[in-house]
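Structures are listed in the sections that come next.
Okay, so chain A shows up in both of these, paired with chain B first and chain C after.
Showing the complex of A and B:
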């Protein structure tokens, strides 16, 4: 099958790039093994962990993706990414001027550039905008650390009360204790009778607080569950992200995929890109695990790092399997003993030129680009810049393809 | 990546993405979902059959877990293999009747008007529910008066005149219920310069036998099909084409993965009609003449689960886009809930209809004239549960030709 551009990947990076290309009239196909790591994301996007992220970007080493873009381009692509999220119906808060903070399910504060509308945030990491909140979460809910959260909010000067709730449907779900996760709770709360039952529990127990906080389980198929609960209880409702699978992440991927498809994009779902062909030094086609060959003018490698399957490591080294791109691995040990310390292997990635054209055998391939987590030269966890690099490099590559 | 177990369960990273996309776990809180029923449970079942959980019978075998999985684990195969290996539940009269589509079909087509009229009666459907545990609200597909095979035998000479030939795996549904779909396929192939012939011997692909617990019979029928396809594909060098996405999927993947049969030499020869036709139309040597006066129709395309697992949905969509009088709406991919014979069973009826509800609503909201899909059981479910008529993309294509 033939397209203008084929993108290997199906996550935030691939979708951003795909949407930008599709809305500029190009035919685009995404090739993706399964669903993406957005399923494990709070959907609060980090640009760079620093008081003034754009300033900090200016002094990064030349190998860093942001240094290749330049601070000015990072700012303008970040703004465009926000616009695309909006088109997809994903409402966000935040600016590139200064980071704000979200509260994690472990009760930690984490810097971010954009947070989803409705997330419990702090503008300065020192205090919340609410002096009193009530925290509600389902009995038996997995991986949600209410006491840590209460301690953190309390230390910021907010009074917190903690409440558990149960609903008949959730009692049945608890028969499978290991599956008592956010998606199941969100699906239960999609139902009017369950939402009403929760509203009456909140109304009875919350008392006179400024806001009610829940884990991010407010609706899966219905977009307005938070607002409806707010109307039913006459209280502001906020949420804290959950561990996997993240309802907000699943909803975001779904919204972006719908947007991409509505613009004429095609998703080869359940296909792993396995090989390629070249003609006169250019990439001519990619073949998938299901035996389908896709030809195109340009190819984009947005397949993620190790977890996304873009990179694979064994005792011999680190490889990129579809195109055999050059991979940059830093010298020495790839791990450090303290797991909370930055891990060198996280900076591994494919080698690209200044415009993210992929190097194969030391030479840039004119119609093969890389963007997002597969890029080398940065540490997404330590720097808090995984999402920022994903969306800005995706849009830069899309721009270059459109102007090619 | 290297596989250590039969169905690569060790590659599961416990990410739980599969459970998000399981249509059963979404509506039935008793089902633990594919991660627990599949790779998690498999670790225990390897130690002892005692860990087999009856809730695995709730799995639809839609394979949406496998499509969703970022690590390519064959979750659905793990669950179905566990049922085959460990389930002690014996199939009864109901399972026999639902699974033996060949036997029931060949009797019913002879007396089709009587069967159709009788199964259409409400009191009869209540008796069927009482005796067989088949839900009385379920509407049976109508039987054709005379089979597709008997029609094809009359076409043999005419079809043999074409220099290029394909072998058609029509499936039970075209043979006993909907010969016009087979006839539409013949019309399209003829227009592309291909004659159509039947396989030497075609049996039901066996998908219903597998899901209803008749594994040995499924294996026997599968071997007949494999031999016939081998003769057509390997000896006579013919492409083998099917219109049903589920038959195609079963012949290509389930024969090996669930029944343990060797079909490696013929797998790549088994093709789906929409993919085969679209590929011909793109090769530069084939064109179709469309009727310029054909009425404009708005078509909503529903992608069946097993077509999603084949990964070939884009072919059906691109083919429909090539038809000048079609305005296409792609429905968000989701299970319709029937899953072959699953939705016929009384205990599954409510689950089946709740699974399909979002799709039914999307279809009504799409303001389409017709729904298109490559699967016959999706067609029954959608026609029973919405106000729309459902056609196969090949039927829509055939109707638009000059």
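Showing the complex of A and C:
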């Protein structure tokens, strides 16, 4: 099968790049296993952890993806990413000027660039934007840590009350020990009768608070559950992310996929890219685990780091499996014994030139690009820049392909 | 709490727990003091092998005989901690069969049943075994859970009147007129100091016993011999596989719960490393190389983590490997040995002989205190194993899910776990099927104060996800159950995650590295535990 561009990967990076290419009239195929790190998303996107993120970017070492882009390009790609998220129906809050803060599942505040609209946030990192909130969560739902949240928000000066609720459908769910998880709760709240029942509980119990806060389980198939609940209760409804599975992350991924496909993009879901062919120094095709061979003008490697499967580590070292790209690893041990210290393996990734063309055998391949988590030279967790690098490099690569 | 006891036991490993139980059953008022949680030292850092004694039969007849006797006793008194897997000793082409004949003869002489079977039978019995084997011998090996075994001893000691203090460090021995008369301790959590007195103080500190003895001015020449092990992500074998040759590194593969363990190495380490064991790359290489000779599947099975313990060997000479030192039991009456009254050291030995070590120690205590009471620990069943079918239910899936897992872990004590409502049955840890009810039971009845303790009692976080899915849930449930503050619970969660990673970092490649990356993303990223909010403290 023939496309203009084939992208290996299916997460935020691949979809962002794919949408940008597709909306500029290119025929694009994504090859993806179907899992991505959006499934444990924090409901926020980080650009860079610093008081003034764009300023801080200017002094990064040359090996950092942001240094290759330059602060000006980072800013404009970040703005374009926000626009594309909007096109996909993913409303966000935040600016590149200064970070704001999202409330984590532990109830703490964490810096971010964009937060998904509806997430409980703080503009200054010291206090919430609300003086009184009521927490509502399903009885027996273990992935919402109400005590932690109450205590931490309380310490920031917000009055918090905590309420559990039960719905007949959730009572049935709970009879199966593993069924009381975020996705199941979200699916239950997709249903009108359940939402109405919840609304009446909230109306009865919440009292006079500025906002009602729930775990991020507000609908799975329907995008407007939060707004509907807000109308039914006449209260502002907000949410706090949960650990696995991140319902909002999965919803965002599905929205991006729909947008990509509505623009003519093709997704080879459940396929793993396994091999490639070359012609005269260029990549000619990629073959998937299900035996489909895809030819294209350009190829984009957006397959993520180790979790995503873009990189693989064995006892001897780190490799990129589809193209055999050059990989940059830090000197010495790839791990440190304290998990909360920077882990060298986090900065591993494929080697690219200044325009994210992938190096193989030390030479840049003219029609093979890399973007997102598979890139080397940065620590997404410690720098809080995972999503930022993902979307800005994805759009840079898309631009270069369009202008090629 | 009392301040005056007959006996103070220092050290909450299997041996100390066994001494406390034996004292309590004989009506001797005992206090056990442990600086961490129970079973944190060598007790919890070995194979969990229920030795038949066959391994020692050729070179150390005395140890072999002790092992097989204790093996049979533990199957009875601790049925819920033991799994009767059986074991085989295999000969590979490079080993030849010469050793086998001598091995069988020595086993039989020590009272260990040892039956030669042909390679085909061995493969039928244990399909994961190296198919190039040229011979095999069946022996009554099994597996034993050292955490549960220690917890059951502690539980029974308390039931019979013993007191137990965990997270309590002995800072000083109180010595009056050349006699040890008590201890000065500090609670490591509250920092509160107190004193306890007793006629006899027992040093059951394992390798750390050297330092305790020094506090009484007594020298014990110990040899810290590190043993490293690897845990694999599923149960590769169902029968213990040993190598039929002179005991060497990494020649025992033991199945337990949902995992398999290969070990061990043996190397001398300095005393200052005993508190922070780290498995080196060379040790991992050796364990994998030798382990895959027993079961080739280890080459492509995910390694969950690496860990190491320190054997408290009492050295007679400076053997660098620590392997030819007898694993025999050493009871030292410091009154006769060093002229220090009221002080006894129990060391050497092995997990298998913890009960016998306790018996000998308490026999000595009785003699010194002129108490006429017989040891009953070989007959009295441990809590969890007091119903006749506790052992058989262990291998039979009577229920599904959390209930049967709880039964597997706690024996008949599982009846005390509240599974009456859906809320109590909800799963905290999916890999190991640990319910809210079981967490509450562990906090309420088993002295659990933090997530690492909880892991030792329930296996929470010991499965394939190594805690990445369940740790936060467990922290929240524990905070509610134990009433600790959110700040404490979160810092406890952070320590738990850090501890899990320590064991993973030595084997961080393949899926274990991916799991590590997820752990980092979730707890350092999404939860931001690096920047714990201190304002609420």
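Note that the second predicted complex is superposed on the first by the 404 of 404 C-alpha atoms of A that agree within 3 Å, B and C clash if a C-alpha of one lies under 4 Å from a C-alpha of the other, contacts with A are read in each partner's own complex, and residues count from 1 in each chain.
Keep this in mind: a residue touches a chain if its C-beta (ideal position, glycine included) is under 8 Å from a C-beta of that chain, and two chains touch if they have at least 3 such contacts.
The shown structure was predicted, so the numbers you read here are calculated from the model rather than taken from an experiment.
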For the three-chain model obtained by superposing on chain A, do chain B and chain C clash or fit? fit
Which partner chains sit in contact with A:40 here, chain B, chain C, both or neither? Use first/second/both/neither. both
In the overlay, answer first, second, both or neither for which of chain B and chain C A:364 touches. neither
Check whether A:270 is in contact with chain B, with chain C, with both or with neither, and answer first, second, both or neither. first
Pick one for A:143: touches chain B only (first), chain C only (second), both, or neither. second
Counting only touches as set out at the top, which of chain B and chain C does A:175 meet: first, second, both, neither? both
A:244 contacts which: chain B (first), chain C (second), both, neither? both
Following superposition on chain A: angle at chain A, chain B versus chain C, Cα, nearest 10°: 90
Chain touching more of chain A, residue-wise (chain B, chain C): C
Chain B and chain C, minimum CA distance [Å, superposed model]: 5
Of the residues on chain A, which ones does chain B touch that chain C also touches? 37, 40, 175, 178, 244, 312
Chain A partner, complex, touching residues on chain C are 278, 401-402, 422-423, 425-428, 430, 435-436, 469, 472-473, 475-477, 479-480, 485-487, 489-490, 494, 497-498, 500-502, 505, 508-510, 513-514, 516-533, 535-536
Of all residues in chain A, those that touch chain C in their complex: 37, 40-42, 104-110, 139-140, 142-143, 145-148, 150-152, 154-156, 171, 174-175, 177-178, 180, 241, 243-244, 305-307, 312-315, 334-340, 343, 345-346, 380-382, 386
Looking at the complex, which residues from chain B come into contact with chain A? 1, 15-17, 19-21, 25-26, 29-30, 32-33, 35-36, 40, 66-72, 268, 282, 308-315, 317-318, 330, 332-333, 358
Counting only contacts in the complex, chain A reaches chain B at residues 1-2, 29, 33-37, 39-40, 169, 172-173, 175-176, 178-179, 181, 183-184, 187, 221, 244-245, 250, 258, 261, 266, 268-272, 288-292, 308-309, 312
